[in-house]
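There are two complexes below, and they share subunit A, which is joined by subunit B in the first and by subunit C in the second.
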Partner chain A sequence: MLKLGAFGFVRYLFGWLQDLCAAFSPYVCGVALVSILFASVSSVTERDMKRLVAQTSIAHMGLVVMGLFVFSESSFGGAIYLIIGHGVTSAALFYLVGILYDRFHTRDLTVYGGLVNLMPLFCSGLFFFTTANAGFP
Partner chain B sequence: MGVARELSLLVFGLLVISSVCLLYANLRLFITVSFGTLNKNLISNAVSDLSMLELFCMSLLILNGFLIMFGNDFYLGWLVHDLLIRFVR
Partner chain C sequence: MLIAVVFLYEHFGGRLDYAFVLDNIHTLTAVEKKFLWISLFLMFAVKIPLFPIHS
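Presenting the complex of A and B:
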């Protein structure tokens, strides 16, 4: 759903109201920056796994909005690339958190630990997608 | 480079701080779940790993991730330069 909003920006808002978007771009970038900062700082202390993934998603989408409203070709390409990549990584992280919740019925991060010996395939996938979500590759 | 040219140093610093926070949050998620002490009250030794369906779905997502990493020409060429770039001034 977050990506749909960004697609709406690109497909309709920039097509119909391009001058207005250019006039308001500093304000939109400011709001996006505040949302990035707030979501990323609050994700540091988050204990609920699903909320943690959601807050990192908010931060990523703030970066996407900022890239779109800078109005340069490379930032636009980067924003689209981030939309596509984030579509895969956030879906996968929500899926992995759902697997854990299905087995143990809690989303509290602090009660988990030591799953690498019991669920190695799960932990491999979690490693791949958390590093992808952090922007490692 | 396009973004960095347009932003001030303060904004760039704030973006660096937020990216470090995101890195910490994601790695904390992985390290806490995978390593550390096993909670015996919650997790028994008989817990099963991924089922075949779950493994298939995760493999599909990982394949998509690799396609995005190494197949930039397909995704960006198809989406940006053909469809969306017309809206950029």
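Presenting the complex of A and C:
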């Protein structure tokens, strides 16, 4: 659903009103930067795993918006790439958090200590998608 | 969002298809274009969500 907003930016703002996008670019980049910083700082102290994934998604989408409004070919391509990649990884992470909630009936991160001993295969998947979400090649 | 859509609907005489608006967007004044841009930006910024706008 988050990507729908980015699609709207690309389709309507860049399609219909590209000259104004360039004019407003510094302000939008400022807002996106605040969004990235706020979401990142909030996620550091977050104990609820689902909220943690959601806050990292907000930070990622701030990066997407910044990439779109920087107005360079590589940043635009990177933003589109991040939209697609984030669509896969965040959906997978929410699914994995759902599995954990189903087992433990809580989303508190402190309860998940020693999880790798109980669910090693699951933890491999969690590690894979977390690193993918972080942009690890 | 609703304000922007109603404005476009009124301005283009009930036609809202993408290509038609793209071809006729130059008929808007600079102020109208700015209003439309801000409306659409706020609409999609809430959807994304960007922090100060969504909260």
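Keep in mind that, in the parts below, the second predicted complex is superposed on the first by the 137 of 137 C-alpha atoms of A that agree within 3 Å, B and C clash if a C-alpha of one lies under 4 Å from a C-alpha of the other, contacts with A are read in each partner's own complex, and residues count from 1 in each chain.
The rule we apply is simple: contacts are C-beta pairs under 8 Å (C-beta built on N, C-alpha and C of every residue); 3 or more make two chains touch, one makes a residue touch a chain.
Just so it is clear, the structure is predicted and the values come from calculations on it, not from any experiment.
A.B. asks: Does the subunit A-based superposition show subunit B and subunit C clashing or fitting?
C.D. replies: Fit.
A.B. asks: According to the stated criteria, A:15 is in contact with first (subunit B), second (subunit C), both, or neither; which is it?
C.D. replies: In the superposed model, A:15 contacts both subunit B and subunit C.
A.B. asks: Name the contact category of A:75: first (subunit B only), second (subunit C only), both, or neither.
C.D. replies: In the superposed model, A:75 contacts subunit B only, not subunit C.
A.B. asks: Name the chain, either subunit B or subunit C, that contacts more residues of subunit A.
C.D. replies: The partner that reaches more residues of subunit A in the superposed model: B.
A.B. asks: Can you work out, in whole Å, how close the C-alpha atoms of subunit B and subunit C get once everything is superposed?
C.D. replies: Minimum over all C-alpha pairs of subunit B and subunit C: 12 Å.
A.B. asks: Just to be sure I follow: which residues of subunit A are touched by subunit B in one complex and then by subunit C in the other one?
C.D. replies: Common interface on subunit A, subunit B vs subunit C: 11, 15, 39.
A.B. asks: Using the touch definition up top, name the residues of subunit A that touch subunit B in the complex.
C.D. replies: 10-11, 14-15, 18, 22, 29, 33, 36-37, 39-41, 43-44, 46, 49, 52-53, 55-56, 59, 63, 66-67, 70-78, 80-81, 84-85, 88-89, 91-92, 95-96, 99-100, 103-104, 106, 109-123, 125-135, 137
A.B. asks: Using the touch definition up top, name the residues of subunit C that touch subunit A in the complex.
C.D. replies: Those residues of subunit C that touch subunit A are 18, 21-22, 25, 33-34, 36-37, 40-41, 43-53.
A.B. asks: Would you mind writing out the residues of subunit A in touch with subunit C in their complex?
C.D. replies: Listed in rising order, the residues are 1-2, 4-6, 8-9, 11-13, 15-17, 20-21, 24, 28, 31-32, 34-35, 38-39, 58, 61-62, 64-65.
A.B. asks: Could you please specify the touching residues of subunit B with respect to subunit A in the complex?
C.D. replies: Touch list, subunit B to subunit A: 1-3, 5-7, 11, 14-15, 17-19, 21-30, 32-39, 42-43, 45, 47-50, 54-55, 57-58, 61-62, 64-65, 68-69, 72, 75-76, 79-80, 84-85, 87-89.
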